[in-house]
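Read through the structures below before going on.
Below, chain A partners chain B and then partners chain C, in two separate complexes.
So, the complex of A and B:
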């Protein structure tokens, strides 16, 4: 009896060993922080680039003595994200893990083709790639992008991406573009998805125009990392169709309630002295009001009101806006007008060129329908949106002037 | 005789909230969203409404015939032969539901956390743990449920809180999804998704007094309804109508989605711990109640000895289905449709017999 008891107990212990099926040693993992996807040579294959972080670099434990590179870059051909990791394992010693991927780079060439959406399906099926991962469209092929990208201050790639993406979405020059949102919008089949646009290839600097009227690659600058994040790639039905510049991206973000918008630093023309510009910090504390009056026959009316606040940061013309009510009102009018103009232009472009909207406004019309069938038959993209009568109203409900009451009187200084 | 029965309302509440509340994190959501897309949360509401009258009717009958549990009541009212037959049918249906459901949970664990392990070994260990848990007896189950309940619910509502920033209210529209008719037919057909309420009445006499059960189960019904509708609605608001039907496990998709700020990413394992213990408790309760039903139908006094064979059969039969999709979208769905009339009509049938026999007036 006793023997039986012991042998039973022993055999029970083997049960515990089943826990070892899925054991993974930290040491045996190669953590990918960025995946780059390019068009492969053959149809429907992809060149997949994995940027594998080197955890030894930059950690205080090793005392910074390691001379190894902060990351390793491998490119393999494959038809999806997962099987390609196995191919890559023919020359990477560790098990390639996609759990900690922060960014998904897609080359513009691939994004503009139909095979992009096909490839993305794989990303949603595996549980390794998170829905929080951001999609970034790069002008050049992604391998070149990742190679050329040489951040000086933040060499650890995961930290760099986290900070870079976080900060650039905060300033509103690129939109948040998670895989989650990509699928919601693409499968919802009504609105345009905006993805971050970036490049490391500077082209001829654009010198005319406003500070934000650039797309990545056009920003005149000296020094620093060659990488630029600016503007948004526009996706319609899972396919890239155009690029919005920084200013348009901002307007799109302001008009869209589903995207977070922090403070945006913007410049406007000075309404009194047109040679100068006024710089301000634009913030939206309340939601954009979108009122849709759906008409089955005839154009649907869409009324949009954007309440916002402005904190004036710099007035190079030194006109005293602070103390003159008239001047203030003039500034208010001109700022609202300028925003309105840009927004109207963007709406017009979206209606005529894109045939869909980048603001996720289709959700406001849904309450007019009882079933999905009715809603899909009404057809936002083809019937409602292109013919809609859109009026956008910017409403500045507060203006602040920072901690200075007055600027110095230059006349007196130069006297 | 009540000296050995210590369970009170809070334990019953905990049992209900775990036994039925965990449904929000399995693939039940996926099954419904196949039919109604974003309006699938309304199916739950319909199912609850369908289940509500039979359940309250049953509670009324149980109050009238004091100190009888479900099977005793059936046998008392329907006579020995028909009563045994009905009891056995209930046992078969709920046992089959449990088998398919447990396979589902095992697939879920495997897919999300233990991709390399064979299904069989996860299944064996899962059921083994449930067996040892159930073996401790109903009192222990009740107390354990009560102790562990706050951890599970806090973690789940914490998840709900974290994801709140991602929801878009307008996704609730079009309000009827694929149509009101779909919602109503599905809601009525799948009402047995809440057959657990009927099964639970087998434990009617296991609490300190029957008033506890009367009160506790009503509160439990309300709380669980709220919880399920809240989470199902949440999923619909996070994933749009076309995406929701593609997800097998929306709860786990959300756990992989959220971060605690920038620093703590990939936190799904944190939620997994609580979810796993909730799943264990659900099947501990399930297994125990089913053994109890079997025991009362066949007059097995020591029904706790049935736990091991029943658990073993669960694993053997549960492993038969090929994969999770067939299991959930085909087998479980069909079984739910078949068992709905049984669970919904049973209390009505009992009530009618009692009425005809004149038993209701006497007491």
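So, the complex of A and C:
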């Protein structure tokens, strides 16, 4: 008994030898909130930019010296995220942690090259970068982007990214583009990965367009932060091939069941008075129905039904859609038609130009194969998708007209 | 087994029979009580009218009622006539005593002993009047809705308080004597046709096996009869509320009472008894359960908030939301100590305030508040000794610890908290989980007089369903099966 007691005690003491392994005090760490990846000078090296949050700014607990900058920006050359932090530690005093990274910026230049996929491998391996981190493709190089990005109201960078990414994915003008999804789609060897597209460089020749027919940089605006998040970078097999504008991104999100989006504020042409437009809040409560009828020979049939609801927000033409059934039906037809048209155009573009789909529809065909090999041989990207016969059917199952049923009678007002 | 040995033993001590001659007896008693120097030991010698014999009355002047002595004993002896002494003395209780051992015991417990010349039997008359305070409100287990009475230091009052609440002919008050030098009475109250015989025997044996010179009160008794004196958790419930005690008796538990303690012991007991407050049952179903939830959260917070804070912020910074993380980090940038030391520092400081708060004389009471709140809370933060969030964490864990009503359980929880803080500081959540697991295993392995600590929840028994939550009163059909009452059905279902 005594022997047992002592040997137990001794074996417990050995546990103490480990000490406080892995222990790091909070203030000994530098929290990276955003990582930027650019093409390096040499082949297969990268310029890695780390945006490190300054905890003393904006936290009111002790009111640290407020004249410090809200973040520190460091750029080092390296071959992956982790080893570069060690290099960066030659001039950053604290242990650089990537745990709280919110965004991964990738410059368009790098995204369009082959070395992007190589560089991304590090992100999947390390446990420090979360897989929920969003990939954002920037038009310019990422350091310029982060430097130029100066939000007036959210000086603390992590808050800005959190809110900005959250809200812009909610409105559907950019897709959710997590690292996890990137690898899922890239390794699935079918479908296109959509990444957020952003820039701080406004273009001079602003194209005239509808509310969301822009890509980042084209939005005509005054004031505010120069940064714009709009549109989606299209990745095929880990390489960027094109950019979708805001409207196309929204359509892609509506058609894709794996991505979420909340209220879409959109405008349609007024079907009766074509000078004006009708603004509405489009929402999709039910899932998009995708029915795939796979034919080994001949084109596969893909039938898609999108149930949606519309809440009319503004009718500048003052046409009384509320009380006239005929008008309402006309509006319904025109809205559905317009959506269908855009969707058809996007599908056509995807079939002819991209040779793959940005809607993650390959998951609906997978169940029709018995083995993975069979599925791989059928080849979604090369054989099935480009030749598929796609019909998209938008189905508005409810329309609301807001609080006020009637608009003002202008004739009487201007009398 | 050997009655003759026992007899010999008795004779050696005070088992001396009473002599017929008063003078001999008087001399012997004088020796026993050191009457010459024992100032409140009184003797009154008179000549009884009924027998014309000399009579001596012995008693302690400080523990008898003088009025009763005069009206009930001395005056009748002087004035009344009758056949024998029992007829003359008019008081309600009069007993014959034959040995000096009994004489000593009776005098010590506040009775007057009457010796008669020419009679080898003495008479003991109960005129005891020990000083005690009145029935007051319960101070440590206060409730809003429900009876407010609390036990006092008087045994008879306490029994009366329980009998008042539970009118049952089977409510038995069994008395055992303990202590070698000072014989004290332990009263066991239980319902004869409910209590489990084995448990009752177990408790009786433990009480009988106590070998101590003196067991003054119930608090000491608790330590004599408990199974694991080194254990971190108590195995006996200590309550000062008679209504609480009565409710346990009704369920088939045993209540122990002694003089000199304003409380009783309830055995056997489970974790739930420490978790419950009698008010849970006085409140309506929903309200009672609401307080249970709150109390459970308080239990959790008081045990874990400091350790989880230590664990997460020293090992798992990725689990903290960035806003909070940056706030803590900025606050910690000027703090000289590691985080675990910070937490320990404040926890110890809080324990100091608590200990000082109990011991501090009443007039100085407010000082502790000022010192505690101002010095430790504000000044320590301003001096950058600790970070403000630590004050929050420790205040939270300190405040919630008061939701653990039972004094003993309160200590268990507070000690466990330190164990968990050290565990968390060692390997983070990993070792904290491990420590918690071991702790739970230990608790689950405990037994109080043969009853598992977490029963009737685990292992499961038929029960009124009164563990974490309680049922509505109408639906409480069974008594707690874990104490194996003779009659498990609490109410007839119809």
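Throughout what follows, the second predicted complex is superposed on the first by the 393 of 415 C-alpha atoms of A that agree within 3 Å, B and C clash if a C-alpha of one lies under 4 Å from a C-alpha of the other, contacts with A are read in each partner's own complex, and residues count from 1 in each chain.
The rule is simple: a contact is a pair of C-beta atoms (placed from the backbone, for glycine too) under 8 Å apart; a residue touches a chain by one contact, two chains touch by 3 or more.
What you are looking at is a predicted structure, and each value in this text was computed from that prediction instead of being measured.
Of the two partner chains placed by the overlay, neither chain B nor chain C lies in contact with A:4. Of the two partner chains placed around the shared chain by superposition, neither chain B nor chain C is touched by A:410.
With both structures placed on the common chain, the touch criterion links A:93 to neither chain B nor chain C.
Within the superposed three-chain model, A:367 lies in touch with chain B and out of touch with chain C [touch as defined at top]. In the overlay built on the shared chain, the residue A:21 is in contact with chain B and with chain C.
In the superposed model, A:53 makes contact with chain C only, not with chain B. Look at A:189: by the touch rule set out above, it reaches chain B but stays clear of chain C.
When both complexes are overlaid on chain A, the residue A:166 reaches chain B alone and has no touch with chain C. Looking at chain A, you'll find residues 18, 21-22, 99-100, 130, 162 touch chain B in one structure and chain C in the other.
Interface residues of chain A, counted against chain B in their complex, comprise 15, 18, 21-22, 99-100, 124, 127, 130-132, 162, 166, 180, 183-184, 187-189, 258, 363-364, 366-367, 369-375. Within the complex formed with chain A, the chain C residues making contact are 313-315, 317-318, 322-323, 325-335, 338-339, 387-389, 425-428. Partner chain C is touched in their complex by these residues of chain A: 18, 20-27, 29, 31, 33, 53, 55-56, 58-62, 64, 97, 99-100, 102, 130, 156, 158-159, 162. Within the complex, the chain B residues that touch chain A are 37-38, 111-118, 121-122, 124-125, 128, 166, 168, 170-171, 173-180, 239-243, 246, 252-253, 256-257, 259, 262, 265-266.
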